[in-house]
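There are two complexes below, and they share subunit A, which is joined by subunit B in the first and by subunit C in the second.
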Partner chain A sequence: MSGAAISHLSVDFATKGGIHHAVRDISLAAGPGRILGLVGESGSGKSTVALALMGLLAGNAEVTSGALQLGSESYDLARAQATAALRGIRMAMIFQDPFASLNPVFSIRAHLTEVLSRRSPELDGEARNRAAMEALAAVGIDRPEIRLAQYPHELSGGMRQRVAIAMALLVRPDLLIADEPTTALDATVEAQVMQQICGLRDRIGCSILLITHSLGLVAQYCDDIAVMYAGELVEQGSVAAVAAKPGHPYARALLACEVTIDAPRGADARASRFRIIPGDLPDPLHLPSGCIFRTRCDMAIADCARIVPPPVTVNGEPGHVARCIRVNEK
Partner chain B sequence: MPAIVQFIVQRLAAALLTLVGAILLLFVIIQFVPGDLASILLGPRATPELRAQFAERMGLDRSIPEQIFLFFRRAVSGDLGTDVVTGRDILSIILDVLPNTLQLAGAGLLISLAFGIALGCIAALKPGSLIDTVLGVASVAFITTPAFVVAIFLLLIFSLKLHWLPVTGAGAPGDPLDRLSHLILPATALSIGWIGYLARLVRASLLEVLSEQHVRMMRAYGVPEGRIVRHFALRLALVPMVAVMGIGVGDMISNAVFVEIIFARPGIGTLIYNAILNRNFPIVQAGILFTVLTYVTCNLLVDVINALLDPRIARSLNKPA
Partner chain C sequence: MTAAISIRDAKLRFGHTQALDSVTLDVAPRDCFGLVGESGSGKTTLMRVILGLERLQSGSIRLFDAPLKSGSAGIAQRTRLVQAIFQDPAASLSPRRRIGQLLDEVGEVLGEARDSIRARQAALFQRLGLPPGTVDKYPYQISGGQARRVAVARALLMNPRILIADEPTAGLDVSVQGDLLNLLQELRADRDLTLVVVSHNLAVVRLIADAAAVMHRGRIVEQGPAAQVFDGPAADYTKRLLASWPRLRWHALGSNLE
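The block that comes next holds the complex of A and B.
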């Protein structure tokens, strides 16, 4: 297994105002056993990337180009149902809101065994039941035999998200997509859920695409990071390299927005907290020429309106690229 | 106590209250009907002695609370009195015709559910398509046409003009095929409106469920679309429909009165109707008692089915407020 790679993914949405190019020419790679954090603001297109990979986009969306390389096979994402055969076999997904992602009128057992009936049809009912119980135990749910018979409303949010992780665990996928898996949860539960996701990675050695808007989460759990802005990738590289020297002004601004939790007590809170990036995402139907970030960028020069910035290696660090024409200045 | 048992006990208590309430209401209404019961039933030329004797026999000389109490005490032991007109036991009169009405309402219910759910699913799977639009228009037409109008037209077309199906009656008692052929038209008349209503309801509810995240979750795990709709989404989508069917059963029974009259079918509906025309109130009371009993039983059944379909329902109702 050699991980998962996405190349040249573009997605269009047909809207009343016209064609909206929501995702434009995105290429990403997550090695086996590695977690790639895909970050960006709401509306930057990160969830669209995930749904395009799974083939679960809404009816008005069209993948105009893109390929998924999974192990030695390649799948043309522009074809209808390109990855349908992989779902629940080589790919699995954990969704954002655990309160909505389990069917309220089916037991936990029904959810887990449904996954198994596709993934491991050779198992009989008894074996499925045992596997479901083991999966619940593996994600840290105690008394799994009781939990199996319960319904989603009888479980807490964190526990429901662990059930979702157990479903993914039963699939043993090559690629797991986790779309903001902790956004709906408390900070304390967030850590537990992330640890279970890391535990799953350790157990089955899959690649994980973690979609989030929390840089803290990326810094703590991810190996690599990719930053999206308004449907384009602006920077990617190892977490260490990007955190140490972000190349793109947007990535730098994002990092500056993070609240420093280790700031000394009594320090002026206003100095470090609530830094914001002025302005809004550009209108998707009227994107600026040249660099898409230039309208909000504090470093923009006249050339930024004329040149579409190509990926540039930052600091000579292999794999760390940013799409800004002023990256290696100064 | 398991949640579902506790739930059923609560529902039974509520059902009993409904029953008592309906009978009380009936007694009050009867008090407002003009004329003295004895003179209506015995005719204008009855002697005062005869009238007094009749009033005593019927318990009319007692106070209303006493009459109500006596009615319930007798009813509990299965004694609904004797019919003044025929001299027959009222309970046996009711039990003679009750199966006809239950079969009619039951068949109407089955037809409504079968067609309503099927058409609702077809519309929901292709929202905005031609078939969805056609079904939408047809549903509204079905809902807005009263059952007795449908009954008259069905009768005119299929019985009188085409001679496909029998015109009146409930069929020979020992002949299931004959009874079935007598059931088709009245049951259809009864169910048309509910087919339209259920089709709309199931469509809306299924569309909503299909847009929920757990459906996308199932898709993400490669569960075939047909199984997602039939197994996972439909069960959730049927919860509001089953709840509405509690009212549906009541509506079927009250519409059965018209339909039974139009098709001259013996049943609780025709029995009550004729008894009202004759001011034969003991029969009316007994008929209403059984109608309410049927309605209350069906509602109880509906609640239990819903609690079984959706585990959240039994739980939420058992929580102390």
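The block that comes next holds the complex of A and C.
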């Protein structure tokens, strides 16, 4: 298996105010058995990338260009239903809200065996049941035989997300997309769910695209990181390389905003202030010329309004690129 | 000193679930009180009890030492003392009404003249950094950060003495989150607000809370000054909760490599 690569993905949305170029020329690669963390502000286009890959975009969206390379095959994402045949077979997705993504009128057994009826139609009922039970046990659900007969509302949030992971486990995809899988969960359950996602990667060797707001999660569980801003990819590299020297001013500012559990704390909590990135996202219908971040960037110079920054290798580190014309200045 | 919120031996059971089990706590006025714990631990139930949306089966709750009236008089009494911003601002703002209409309703509740409520609303919008044109928009037309600010504006128009924020940072990226937290910090200084922050974001609560309580299965397993709860926890559960928080930091990772 050679992982998953997305190249030159662009997505437009038709809105009342005009065409919104929500995602512009994004290229990303998630190696086999690696977890790529995709971070960026709300509205930066992270989820649009995921939905474009899965073919689940809303009706007013159009993929204007882009290809998905999965192993040795390439799929033209601008074609209708480009990846429909891959869903539930070579690609799977775990959503943010497991209460919304599991069907309330189907039992857990029905969810899991439905996956198998698509992925492994050769299995008979008993074999599917056995596989479903094994999958639940593999994600750390105790008494799986009882859980199989239960319905989503009878399970806790963490347990529901484990069921979603068990479904992905049964798919054995080449690419798993997890869109904020732990946002609704507390710290202990988040750690368990992330360990299960890592376990799934180790078991089937798939590439994982993890979309998250939590930089701590990326630092702890991801191999690579990609940073999006206002529909563009501004930086990509291994977590170690980007952490050591974030090349793009936006990536640097974003990482600096992270609130850590052992941040220095003054005696008076009233005095605590949190770091922010001044300014707002650009109006999607009136994007700035040149660099997308220049209107909020404290390093911006006149050239930044003229030049659309190409990806530049940071620090001579292979695979670590940032789209900033001043990246290697100091 | 009179506590802003004083709860004694509160018990509440839903079917087989003991949602609140002998909960006793005091929140000092003008403090920020952090309430942490996993989903299902009873945090939200306790918040709803403070708001008067749930009734205790036994035990007592007092706000600023006032015995709470029952029935509709009690609701009117509470809405002037305590307001909340809920986790999902998009869901807590009616999608069919413009922001301005939603805020005009506060005037109707208070029996305040339209001109007066609109003047206060305009001043608040300026204070909260919301463009004046926001009043003409529908909730779906504003960003998540702005929707939370609108929720804060709606709560503050009631001039409450206590503001409860339920998961105020959920779903926000770190920069927008920081902006909202700084705003809450300024508001509590400016308006003598008592703040209750219900959250599973331990790192954030650790920094903004003066005092904190950790809930687990309907019980408070630990409470005290935030510095003590987060940096020197005594209860096993608190230790476990803190240990599971991602710790590997960017700058630590960087400095290790340099």
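Please note the rule applied: the second predicted complex is superposed on the first by the 319 of 330 C-alpha atoms of A that agree within 3 Å, B and C clash if a C-alpha of one lies under 4 Å from a C-alpha of the other, contacts with A are read in each partner's own complex, and residues count from 1 in each chain.
Following the convention adopted for this analysis, contacts are C-beta pairs under 8 Å (C-beta built on N, C-alpha and C of every residue); 3 or more make two chains touch, one makes a residue touch a chain.
It should be emphasised that the depicted structure is a prediction, and the values quoted were computed from it without experimental measurement.
The superposed arrangement places subunit B and subunit C next to each other on subunit A without a clash. In the superposition on chain A, A:G157 makes contact with subunit C only, while subunit B stays out of contact range.
Legend: residue contacts after superposition of the two complexes on their common chain; A:L56 is shown touching subunit B, with no touch to subunit C.
In the superposed model, A:A84 makes contact with subunit B only, not with subunit C. Once chain A of one complex is fitted onto chain A of the other, the partner contacts of A:A244 are limited to subunit C, with no touch recorded for subunit B. In the superposition on chain A, A:E190 contacts subunit C only, with no contact to subunit B. Counting residues of subunit A touched by each partner, subunit B versus subunit C, the larger count belongs to C.
In the superposition on chain A, A:C198 makes contact with neither subunit B nor subunit C.
Once chain A of one complex is fitted onto chain A of the other, the partner contacts of A:E41 are limited to subunit C, with no touch recorded for subunit B. Between subunit B and subunit C, the smallest C-alpha to C-alpha distance in the superposed model amounts to 5 Å. When the two complexes are laid over each other on chain A, subunit A has no residue in contact with both subunit B and subunit C. Interface of subunit C with subunit A (complex): residues 32, 37-41, 143-145, 170-179, 181-182, 185, 188-189, 200-204, 206-210, 226-227, 230-231, 240-242, 244-251, 253-254, 257-258. If you check the complex, the residues on subunit A that touch subunit B are 54, 56, 84-89, 91-93, 95-97, 100-106, 114-115, 118, 151, 153, 164, 167, 171. Contact residues on subunit A toward subunit C in their complex (touch as defined above): 40-43, 156-158, 180, 183-191, 213-217, 219-221, 239-240, 243-245, 253-255, 257-263, 265, 267, 269-270, 272-277. Residues 212-223, 232, 235-236, 239, 309-312, 315 of subunit B are the ones touching subunit A in the complex.
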